[in-house]
């Protein structure tokens, strides 16, 4: 097994809610509430969950765009939150981010050359000044853009092309880890695949490790080696791609998988559909015990009081991490292995 | 028209009789519809000759990416395009045989709600934030049916119960922001079906929602459609949602329908390279080791749609003829229509 | 829904095709293209350039000494000798109106500069750093906001009045000072809200993630994207400052004779309004034109910077 490049331990982020005339803290939004995991070298860890589950906050914590309420992240043997000033800046070279919205992630008043070259301005020792234009053009070429477009402005590009610019900026400093926060969800269907393929190509060529945050379970399955499912600030289930999609043991994962529409009308009536009751509760006032118990069909009294731990639990074949008192494998989707079939399909990037 | 024809009516209407009567179940016919947007930078040809029809109890999915013209088509049918900048130079939209486009404005306005209604993507901005939701639903009855306050409010509660809003009686006085995204979309649906329309247009109704909520909303829409035998037009980019609910599909690209087929046929064997490309480029939840064959290039600029077939610059099948002659939508197999010079090759290959 | 339709169309229309010329098009250059087509912009710019030249080198327009009083020709109507006629002291109105531009333009430009520098700095600090700094700046602006500019000016200038011997620059400086003190809070507020809109953008976060210093982020990401509304409002404010200066001078507490200014001239003209209205007409006309020019320019710039108006 490859070694871990990033280890998050018990990460917590609570946002205070201010209320009343005196702006006193009247409560906390528990966006991330005790999340631990490891990211292995060269792998893609997918993080899925619905809105409000804390997956984006988690991404920002890993980037240290936010300070955690408690918990730690060890990156390559270094305690990230203990770093200051120069040391922190140096650390930032190794861990970079790609944002969701290709329209707000690029400064509209800068040229592509300025945007992709900014990492070199901030870390001038990476590439000597004379070589920067060439370095930027190489990056554009690498992400499939015309290097001659270096003087264009973001609004002259389409959404997919802008996302490529964002990726070029993200990999400019040759990071070890790239955090991708919904990198394809704002893109058109026909363009999504281009960007996903590009990210896979870059991972192979540059040996990157990805944390791929998304709400689209199909895309996450496609790109991830391991997957974590989040619900209301906690990790509900974490395991290999096969564990999560083939043998999910947490009822939430099962419901989530059953709700995803599969583009095949012949499966219409064959598919098992678990329809959950109600909506996701507010993270400001999460349910006691297991956070999923208010919507869970298996919930017992124990679930209302005892918080289930994320532990290795049997899934029928082996064990993987699941946070349910009554973890039980259940096949929701019938997986077809097509890895041998499609060899002749051209990979357009 | 007289009420003696009620036997051929789509269903018994209690409160008011409709003056529109579908012949042989045919509700809506769109013929050679064109829509242009006249902007300072030039003319954007959003829709360039679209034909389709819709029957009672039928679900037609209009599938396309942004800029394909699918939403503009919906707005043209509803008559809510802003003109200017929009111009409809050509075409007919016949509802029960009567052309909506040449109808006097007042008469047309009266079709919105009782005959044709619409559910939008963004429920939050479609609801007025300063009025209670029950009041907004009840308004439909007050305006169109001349009901008094208490009767209309009572009907609103019934509708809210029908769309499965919990504690409808208590929440009828609540404001839009007090509801979750899924609940707001239910309220929008309640308003749309309030006057018992024959045609319901749903424009990306679940795009802004989480996947478990999406499943609930789609189930509700299907249930209501079956119960009331409405014709449903589902505008979406999501191939998964379409596979789950549609009867017929029209695939749009650059303002034209490029393929039209029964849902089962289309997913089994697409007859247009664009449809084929889309199906090959989306990751599937039930497949492992899949390679995504992305469609290269970008959707065209609507101000400069390529000569010949609009898809030719991105098409694997493209030949010289595709760059010169624009293919029209033609029958290529029973029940199959495709606008491609090489439709048979695509269908068989 | 209409917005959705235009966005959908616009998004695709904006997507470039492969063959497009590689011209640099930024928001500023788009705005400039828009401005170039706007006749109001050219009219206002022509007027403003004219007034600025007038303020800088009045000798170009007249070689009459504005302080040369010909008492016996006092109140003369416009004629070939004195194009605008003469006022009650016998001064040449044309010359005095030309020379009067200097005070107005000087006060307007200087005040605008000072308010922009203070306002932008405070606005950026409050908006970007937030916290107690934000509360402090917001409270201060609230306090100043409660006092209207003109009232503040009257209070200050009547507390520290000028006398005959006050030097020209001291007098101008005092007027600038008081207007700047009461004028910067509106710019600061505007800048703060503008910064708050820009700050959550992912490109700002991306720069933070790259380890950029706050100064770098403010300089190259926040300021360029937040400055447009301030530019617009301060152009309009320039016109307002000129009016307030004239009002203060009119009330006799702004610039005072022997300083030549439109406000002073208007004040002097009131005495003889009924018999010789031309004395009032010309300085008022110039004042109105100058104020109008700046406000029109501000409007044109706002339209150009606002993508929605396109």
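Going in written order, the chains are labelled A, B and C, and every chain counts its residues from 1.
Just so we're on the same page, a contact is a pair of C-beta atoms (placed from the backbone, for glycine too) under 8 Å apart; a residue touches a chain by one contact, two chains touch by 3 or more.
Quick caveat: nothing in here was measured; it's all calculated off a predicted structure.
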> Where the contacts of chain B and chain C overlap, which chains show up?
Replying inline: A
> For the chain pairs A-B and A-C, which is connected through the larger number of C-beta pairs in contact?
Replying inline: A-B
> Which chain's centre, taken as the mean of its Cα atoms, is farthest from the centre of chain B?
Replying inline: C
>> What's the distance between the Cα centroids of chain B and chain C, rounded to whole Å?
In response: 52
>> What's the distance between the Cα centroids of chain A and chain C, rounded to whole Å?
In response: 49
> So what's the Cα centroid distance for chain A and chain B, whole Å?
Replying inline: 32
> Can you list the residues of chain B that touch 2 or more other chains?
Replying inline: 66, 298-299
> Which chain A residues sit where two or more other chains touch them?
Replying inline: 158
>> Where in chain C do residues touch two or more of the other chains?
In response: 11, 15-16
> Which residues of chain B touch chain A in their complex?
Replying inline: 65-66, 166, 180-183, 210-216, 218-219, 237-244, 246, 263-264, 267-268, 277-296, 298-299
>> Residue numbers of chain A touching chain B in their complex, please.
In response: 50-51, 158, 160-161, 188-194, 196-197, 215, 217-219, 221-223, 241-242, 245, 255-268, 273, 275-276, 278-280, 333-340, 342-343, 345-349
>> Under the stated contact criterion, what part of chain A meets chain C in this complex?
In response: 60, 63, 65, 88-89, 92-93, 96-97, 99-101, 104-111, 115, 118-119, 122-123, 148-149, 151-153, 155-159, 166, 169, 173
> Across the complex, what residues on chain C touch chain A?
Replying inline: 11, 14-16, 20, 22, 24-28, 201-203, 205-212, 216, 220-221, 224-225
